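Here chain A shows up in two complexes: once beside chain B, once beside chain C.
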Partner chain A sequence: MRPRLSIYGLTFSLPLLVWQLLFFVAPLAFLVALSFWTVKNFTMRPDFDAVNWITMYGKPVFWQAYATTFALAASASVLASVLAFPASYAIAFKLSDTARRWAVFLMVIPFFTSYLVRVYSWQIFLSDAGIVNVLLGYVGLGPYPMLNTVGATMVGYMTLSLPLVILLQLFSLVFIDRNLIEAAHNMRCGRVRTVFEVVIPSARVGLVIAALFCFILTFGDFVSPVYLGGGDPTTLSILITDTTKSGQQWPRAAVIALTMIGTLLAVAFFAVRFAYAGNAKGARK
Partner chain B sequence: MQRDTLVSFEGVIKRFGSFTAVQRMDFEIKKGEFLAIMGSSGCGKTTTLRMLAGLEAPSEGTIRLSGKPINHLPTWQRDTPMVWQSLALFPFLNVRENVEFALKMRGVGKAERQRRAEQWLDRMQILEFADRNIAQLSGGQRQRVALARSLVVEPEILLLDEPLSALDAALKVRMQSVLKNLQRETGITFVYVTHSQSEAFSMADRVVIMSRGVIEQIGTPQEIYGAPRTRFVADFLGSSNIFTGRVRAASPSAVEVDTPDGPLALAGGNLPAPPRQGDTATLTVLDTKTHLSVSRPTGQANVVPVRVIGEEFVGATATVYLETAKGQEIRVQKSHDELAGLPLDIGQELFVHWSPADSHLVAEA
Partner chain C sequence: MTKNRTTAQGFSRRTFLGTGAAVLATPMLSRRAFAAPTELTMLAWYGHAEPDIVAEFEAENNVKFVPKYYTGGDNMLGLISQSPPGTFDVILSDAEYVQALNAAGYVEELDANDYALSDYFPEFQNFPGNWQDGKLFSLVTRFGFLGVAYNTDALTAAEAANYNIFWDPKLTGKVGHFDWHLPNLGQMSLLAGNANPYDIDEAAWEAVKEKTTTLRGQIGGFFDYGGTFSSLNDGQMLAFAGIGDWITGVLEKNGAKVKSVIPEQGGLQWSECFSIGKGSAKADLAKKWIQYITSAKGQAKSAQMAAYPALIPNAKGWDVLQAENPAEAARQGMTKDAGNAMDLIRTGRIQYRQWPIQQDLETWNDYWSEYKGA
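Up next is the complex of A and B:
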């Protein structure tokens, strides 16, 4: 039997559909169209010309920024996953039910404050005359330049993504069948080895999705690379603003934005495929 | 058959907070035997098994394996593989990798691992599924994978925690014979926890019956079935008629007990401890050892007049439910042939009788 349109189903799905069409598909279509427009004498003209694509893809500075952004986001995903795992493991397996509920609650609190505010407060900590350097000065160290470095950008990325990564990891860890862990112990697999042999493979999907979210959040982030990283090295998000400011080059900015969307779609697709690859095991041979 | 002791529980107690799961347990497991630990849920049977596996630590007492105390050893330093009720197969590994897991943990080389895993997969008749995902297997096949995974290290002892409870009745019976044969062929000591009387009695050499953290009786299925030691066991097995009364006369060879339904006699050979005159006594007789007649039999020691209250057919046998004048229920189990010719209408008056040699005194609990 073919599924038929029902008024009832349509009533509930239509608003979402309209919303998606209006605020995602339509702007995206416009962005695609925009990337083929041309700019003459600082004025944009509707056109169908591949010149923006050819220009942008021919610029070494674009590929430089692309590689930087990709590497930063990938590093942030690895770093956030590694930093988050001991925390989410401890929350999932070592805390009592009550303590676990409190821990989840505490993980939600960072989202109460705007990310921009949190990044500004990091400036107070990390600047040359900031809290960290003043404290180091008391013991005769420093000052160390910390603001406007890649390290500071990474601190910002962690501020953005770590609570979410911990929560996502946690939700995959708490659903692991405890019998599997006991069974591994029972077969001579010690505590640490069990983490790698059983816990991580069992939570694989959640761990990969958590890292993917970190990648998505940091790949497009503009705040940390500008306010903590000082805009150097240039990321794609910075390049977009620079491009729009210089001579009304909105069409070229559209090329960058579309490249980013394409990259995120590809990364998300391969990450999800990788996450579920373990489940098809056995059928592969 | 005289066998060496493999495991001994010496005064083992397990408490969870204020709840005592196992109360002062003393018993031994012999090398090469099939031991079933049976009881209803919450009786402490699984806790006992988990203490032996090293998944719970005893609160008091000592557990010895081959004479050596193992209380302080974590489970990964013991050779006490267990088969879980949920089977606990690793869903992210295929069948072969599941079976190789324990060998890998022991540092066995790849080629040797593969050889031994395949040998056990073959033995469990699941070699053709070696490269399959666990999710692609049926319940019975998973059962075999779980067994292969535990047995591949060729342990001295295998612990099984209600492994058949998820299977349907027919498959359960098939797996019972697989388990029994496997145990006989390998000579590995099996400790099998179950709530099912039929599983315990059909497979085990000896059965431990537990209730509320206490061992009620240990013995061969025949011993326990024929002579339940406590009233709990008699009730739990549900195959005995139980009478309570006061001892009128006791000698080493015979005991006579006054019950509301008249004096009942039992032969002295079955006494755990000789009772004293005036003691309260509970005696049992199996429902298969009781007989029915229309007229009062002569020359019989135990004769009780009864009325028929119901009848139940299960396969080739029938159980007749009867009631005495004092309201005591008595069951008689017979084949259909044996019952042929007897009037069994409800309300029909008959006589139940049995031999003093088939009657047993239980320790009052």
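Up next is the complex of A and C:
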């Protein structure tokens, strides 16, 4: 029997539907349409021509930027997950309730400041005459080139995503059944082995979702590759700005944007499938 | 004999009515006296509608500028094409984009007699791009040169006066690019010996690409406006291609050890032009603004713009600047001394920055993307 629609139910579900239609589906549909428009003398004309797709997909520089961006975002996801786990583990299992609340509050504080400002402030630390190199100079080291490198871009990515990854990991770790950990210890399972055999599998969904959010945020980020990486190497977000600088080629920029959206959807799909695959297998046992 | 009726307090009816009318009219009088300023919309690079430039004109004409700043010619064209006609009263454009504005019908025709063109240096009275089929569509208001920008602690002026300095091993990883293909590849074209750097055949274009590609290993980064400022200011980049005094002049005034020089292979010229937006309801006021900013007084202000300094095409403006701020006039080369800014143009050391003539814009941009990704 089909559930009956009620006014009460619609009151709460319709705004979400309208929101999604207005601010996600409609712009996405326009972006798809835009990718088939043509540009003549700096003016965009509604059209239905696949030339933008053929041109962009035929450019080696596009695929080079795609591979670079994918590799950077994947590396950032792994790095953020590895760096975040000890912190989220300690907050979840080692701190008192009060200290945990303070830790969560501290993780939220970075979001109070503009990401752009935080990235600009890293320049003061990482430049050749910056704070880090000056400190290294006191012990007779350096200066080391840090700014305008891939490493600096990664620092920016961590600035963007690490607090969020810690929070997401934390929320999955705090809900782990402590009896499982105690049972493991009772069965003489060591602390480290318990982490890998019990904690991580139990928090698998949250850990994968945290890494996925890091991937999503960094894959489309423009600020860190430009202001910390010096625009070198070219990422897809930089390629979008380059493309729009060439005679109003917004339709070609739309092709890049749609490719990015498609990639993110595919990655999200596989990540979620991977995250829940273990649970389903567990349920069958 | 008639007698005015008076109230107990001694007011006659006539006095009462007169006072009442005066009280009621007061808001109207004060509204006239303190009329809200007329808003004039300006589409421009950052700085052109800031108080150091427009405050005097605003006070004299009871005008309030409402600026919309853009970051590049394509961005400007995008903003105009997405706005209804008449949105922008005054439009500032780089010279190479004026023809695109014209072709799309975004600007009004100007009457040359309305402006003090006779005060301009002859080279700027019939400035290419301002005129089309004998009709004037924009007026050049300021310009500047692009050469080698360098850190004065790292390089001498003599060392920087050659584009080949970018390949010097001591600058490896310390050469920055302003991230726009047109000025950078124009400079590489000058280095390759092309007298008209943007009008080159396929063989010459291939040679430019080949030479430019060899520079890639020296490059420390590709920077936008803000990144260019900060990387030069903190010494992260020691030499820069694609820019000139419009960046280093601001930093120099603030004490940074940077300068720009026109290399022996020559430099490029950027030029900014004012137009009146098509369909502007305040075209007369827009005209008045262009008259002001192209007058000797307005030009001297424009030369010293806080956002970024520039050379000015009005010869009488040079005189005003020399009287008002001789140090800045000397710094920018707007004096009567030999080797001044006009001499650089007249001796053929400066070429206009423009769109490529024998290749399309996309070809240059595509190569630039390839170069960046190499």
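Basically, the second predicted complex is superposed on the first by the 279 of 285 C-alpha atoms of A that agree within 3 Å, B and C clash if a C-alpha of one lies under 4 Å from a C-alpha of the other, contacts with A are read in each partner's own complex, and residues count from 1 in each chain.
To be clear about the criterion, contacts are C-beta pairs under 8 Å (C-beta built on N, C-alpha and C of every residue); 3 or more make two chains touch, one makes a residue touch a chain.
What you see is a predicted model, and the numbers here were worked out from it, not measured in a lab.
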Partners on chain A (chain B, chain C) - clash or fit: fit
Contacts of A:189 with chain B and chain C, given as first, second, both or neither: first
First (chain B), second (chain C), both or neither touched by A:248: second
Touched partner set for A:147, first chain B, second chain C, both or neither: second
Per-residue touch tally on chain A - higher for chain B or for chain C: C
Minimum C-alpha spacing, chains overlaid - chain B and chain C, in Å: 45
Common interface positions of chain A, toward chain B and toward chain C: none
Residue ranges of chain C in contact with chain A within the complex: 72, 74-75, 77-78, 81, 100, 103-104, 173, 176, 179-181, 219-224, 226-227, 230-231, 234-236, 361-362, 365-366, 368-370, 372-373
Of chain B, residues touching chain A in the complex: 53-55, 74-77, 80-82, 84, 86, 88, 90-95, 101-102, 105-106, 131-136, 149, 153
Complex contact set, residues of chain A against chain B: 177, 179-180, 182-190, 193, 197-198, 201-202, 204, 278-283, 285
Residues of chain A defined as touching chain C within the complex: 41-44, 59-61, 64-65, 68, 120, 123, 127-130, 145, 147-148, 226-227, 229-234, 238-239, 242-250
